[in-house]
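Comments concern the structure below.
Note that the chains take the letters A, B, C and D in the order they are written out, and that residue 1 is the start of every chain.
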Amino acid sequence: MKKMMLIATLCFVVAGLGTGWADDTIKIGLHVPLTGFAASDGKSSTFGAELAVKQINEAGGVLDKKLELVIYDDQANPSQSIPVANKLIGQDRVVVGVSGSYSGPTRSAAGVFQEAQIPYLSAYAIHPDITRAGNYVFRTSFLGEVQGRAGAKLIGEIMDKKRVIMITLKNDFGKSLAAGFKEKAADFGITIVNEYEYSMKDRQFGAIVAKVKADNPEAIYASGYYFTAGPLISELRASGVNAPVIGQEGYDGSKFIEIAGKAAEGVIITTSLDRDSKVPETANYIAEFEKLAGYPADMVSASVHTAVKIAAQAMENAKSTDPVKIRDAISRISMKASTGTIEFNALGEVQKNVQNQIVRDGKWHHHSVIDDPELLAPPEK
Amino acid sequence: MAAILSAEAVTVRFGGITALKDVSFEVKQGEFLSLIGPNGAGKTTLLKTITGIVKPANASIKINDREITKLPTHSRIRLGLALTHQIVSPFKSMTVLQNVMFAAGYKKVRNIGLSILNFSRSSEKKDAMAFLEMVDIAQYKNFPVSTMPLGILKRLEVARALAIKPKILLLDEPLAGLNSQEASRLADTIKLISQNGMTTVMIEHNLSEVLRISDRLYVLDNGKYLASGNPKEVMKQPEVRTAYLGS
Amino acid sequence: MLFIELFIQGLIQGSTYAIIAVGLTLIYGLLRVLHVAHAGLFTLAAYLGVTVTNQFGSLSLGIVVATLTSGIVGVVIYRLVYEPILNKPPYVALIASIGLYIAMEELFRLIFGPFGLSFSSAPLQNVVVIFGIHLRACQIITVITNVVLLGILAWIAQKTRVGIGWRATVDDPEMSASFGIDPIRVRYLVFFVGSALAAVAGVLVALLTNLVEPTMGAVPSYKSLAIIVLGGLGNVFGTLIASLALGVIEAFGTIYIGDFLDRDAIAFAFLVVVLMIKPTGLFKSR
Amino acid sequence: MGPYEISLATGVGIYVILAVSLNLITGYCGQISLGHAAFFGIGAYTVALLSKLGWPMYLTLAAGLSSAGIIGVIIGLTSLRVKEDFLAIVTMGVAFLFVGIVRQQEFFGGEMGISGIPSHGMTKFAYLCFVLVFAMLSILFSWYVKKAWIGFAFDAVADDEGTARTLGLDIKSYKLTAFAMGTSMAGLAGGLYAYYTRFIVPETFGFIESITILSMVAVGGIGSTFGVVFATVLLVMMPEVFRFINDYKLLLYGALLFGVMRFKPEGLSGFYTLLTGNKEK
């Protein structure tokens, strides 16, 4: 008897949740890491999305209906994002899904959106398998490998440094950047002296810094996020290693400079948000973001902002909120956004220029642009 | 009669202290031997060496002439030993009855296979009740042990030891903490069990009961053999008196 | 040269482990409570240290505020959380402490925001060169603080009445109570000192990394459990040696077997091997 | 039942098997394990690798179950040398070793984990029923073990090993059996999880997951099957029900853990005994 009662309560509780009902707004679903170690990127993504929706609604909304953002927390955890994706589709009836989260949760959510035939845009997650989930999945930023290849060109050709040390963050972000970098290193005459790996939880890097000092490289290609790169760079400079450090979009943001302080001067990163850009979309975004969020714009917020804008534009082009029509509109879209012109290839990947930014007097500034088509070409299938 | 239990040249050291030095003794089938001696003479250590809880520096312990010094405790117990603890250690999460029921089911937990296949506990319940009545604590059967006074727990130890149907019963101060009336009743019960053929080795300070129910005495004093034999003669020997009463 | 640098970096990392773990081993030795929330006090102190220093511009004021507050919060946690469940099995206090730690982590995020704090101008960052090795002032101070604090603690434990009272209460609470040592007062004192030590470690790590974030206590929360087991329960000297050994092993391990085991795995491989050889840990437990 | 409810219920089913499996080790036999997620992981990785080689589902699940069980027994050997809180910390170490090793080996997909695990070939709802059948079986198995003599032996080991030994009980074999049963059931849950998410990363089987499972057992009331099942449903559903208050979800979870242990250490099973009056013996 007791077991029957237990099953009854389980079904009742579960059924009770599925009571979504349609209304007059168009819903876009967004999952971000609001709690856990990636909470800061979750916050930036939320601001980026909210700014986009505010701007769109002020300009008359989409198909003269208001755009509504439905945000859920996935704790940057793959097993959390599956129920979240199903909830967005099944309950909130979103017409487009957007990922403002890391590669793990984005990969598992992509499968769910593909199966439900709802278009899904990954803002800044870089894992190659995301778009391979199917034709309903798109990515508005460049892959890890592509950014790694750009890093090789930046060091080998633009900066003309040949003896390089790699410090790789041991997660999918760090690994795919390292793969891209190694792929093209030889082409730009780079010899990789050594590669050291560290874990996401590390904040003190005494051992690696000591070894790098002994290696005495010409340049250091270090992958990481601001909360690992900040402490790493300040320890490198403090221990007397003055070789230039080249990073990626993981450093992008004012927090990195705040943590590393003077040591941040001269650090160069490959990213997609050019702070000195004259392009109106980018310049206006940077200004508007700071007004809304109260801190300088960063790549994460810009990418999510771009993704939401594309979703809205696609609905306008398709003149319908039917997911299938929206998907076709997205695949054919060509739009200038804060992170560059967005055009998708067959696999749903974009070809964007890599904006290299450098820290000068405590601020990110333009350093150079990489736009060789075949170097930055994303995979086709 | 051949010795059912024998221990030769038992030497035990804890750190620097020699708890037992070259102690040897034997017990015949059905005999009631009492181990006596002042506190710290090494009586409990000797018992624990026999059951394998304490690892001796060297010793040769045999049950029916079969060497058991190398065997782990549970294998020695299965050869017919049973032990009550000086400091009572009932299963606190169980009731009085369940403590004895578990012991009574010793055949059913002999190996994993049996323990999975056997389900019913009714026959053990009957056996357990019999043992509780034997030490007359049957009226407390459904009480959790945590609420029981020392006297009941001492008798529970005896009932539980009997429940595994041993050939040799090792009792470690079973009467300690009982009032004189309870002590003599429990002593009678133990005597009765021994008369039914149970070989018994008892450590006890209550000398009047010891003299009343033991067949033979074995006296230890700070880890060494002092004397042994008929209870009355042994108590008359001067060195035994001085060991107990102090010179 | 490289080996010396690796060794020194290992000592610096080991020193931060030591100061946190000693607080925990004091508490664990006394109450056998796995006080995971200890790492929450480490984070609380880091936040207070940075906020006060940025506000009033004086690091010493920051340290004082941080250690006092964490010490008091530690005692409050003992009084409200652990005292009522001391007689329960060990996993009860363990899970309560884990739950408390998760709640503390979330409170820090909600109050101080997810981005983490940094010093407006981080003190003690000037570089000192000794035998060609570049070390920041805060790194040197970390090792010195560790040796000094733990030296004082070991001296108190051996020589003073309070220390003997503490060790007696650890060995046998009822017995020491019968000698007039009030076990409750000893527990309050131990929680205060233990938490204050965690606070010192928190401010030091904030100086080393110039980054305070809600989840910075996660690694110390489980690593110090391994250390107090390695060092032997309640054994201050054992914990110091185990922490420094772990720091050095991790430093060399990251470079030389980094591609086989990651940092945490190295630490725990060391722990499991030691415990299988000697189940009571490296040193005799108190 | 829409896709959201099905995916949620499947998740609940998998966690019920996982919590019941830990309850066998920690609840019944008293051996505290802070590394149970490692066996959840071993099952998931075994099934992931074998299913990509084309093995049928019943074979991969059996392989996941047995590989977790075998390694579980090896780890169980540690419980013969260390006890209680020391054992908890050693098993925690084992979990870190598992994630540390898997994360470094390309064979296991390293950081990228393993993706493209073939589908179980059923509809989502059919798979839910498949998982719930296993959940029901694990509850029945756990109930039977509790009532059979092996459960009685586990009670004795959990209560007082030394005394059990003096009653002739071979402690070693019972501890290892408890570990074997618990870890193989966790391996099964891992296999079912692999087919459910169809892609696994090392991070999912780390220390945080071990704590989550132990919390379900402790909140449910250690040793009580129904308390544990009820707590599992509660703790899995809670983040979903409170999905709308994103920011405070984890705070609520931490507070619940702390609150139950602080004010009702015997867990929810305490209510169970209140309702039915009999201690679940």
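We take it that a residue touches a chain if its C-beta (ideal position, glycine included) is under 8 Å from a C-beta of that chain, and two chains touch if they have at least 3 such contacts.
All values reported here derive from a predicted model rather than from experimental measurement.
Contact with chain C and chain D alike is made by A. Distance from per-chain Cα centroids to the pooled protein Cα centroid is smallest for D. With B-D and A-D as the two chain pairs, more C-beta contacts join A-D. Our note on geometry: chain B versus chain C, Cα centroid distance of 48 Å, whole angstroms. Between the CA-based centres of chain B and chain D the separation comes to 42 Å, rounded to the whole angstrom.
Centre to centre, using the average C-alpha position, chain A and chain D are separated by 34 Å.
If you average the CA atoms of chain A and of chain B, the two centres end up 73 Å from each other. Residues of chain A in contact with at least two other chains: 35-36, 170. Shared interface positions of chain D, i.e. residues touching 2 or more other chains, are given as 103, 247, 250. Residue positions of chain B touching 2 or more other chains: none. Judged by the touch criterion defined above, the protein chains form a pattern that is neither an open path, a ring nor a star, and not fully connected either.
A list of each chain pair in contact follows: A-C, A-D, B-D, C-D. Taken together, the chain D residues at the contact with chain A in this complex read 1-9, 11-12, 103, 110-113, 115-116, 136, 139, 193, 196-201, 203-204, 226, 229-230, 233, 237, 239-241, 243, 246-247, 249-250.
Residue ranges of chain C in contact with chain A, taken from their complex: 1-2, 5-6, 8-10, 12-13, 16, 106, 109, 113-116, 118, 121-122, 125, 127, 129, 134-136, 139, 205, 208-211, 213-216, 218-219, 250-252, 254-255, 258-259, 262-264.
Remark: chain B residues 51, 53, 72-74, 77-78, 82-83, 85, 89-94, 98, 101-103, 105-106, 108-112, 114-119, 121, 160, 164 touch chain D in the complex.
Listed in rising order, the residues of chain D touching chain C in the complex are 26, 32, 78, 81-82, 84-86, 88-90, 92-94, 96-97, 99-101, 103-104, 207, 211, 214-215, 218-219, 222, 247-248, 250-251, 253-259, 261-262, 265. Residues of chain D touching chain B in their complex: 145, 147-150, 152-153, 155-156, 158-160, 162-163, 165-171, 173-174, 177, 281.
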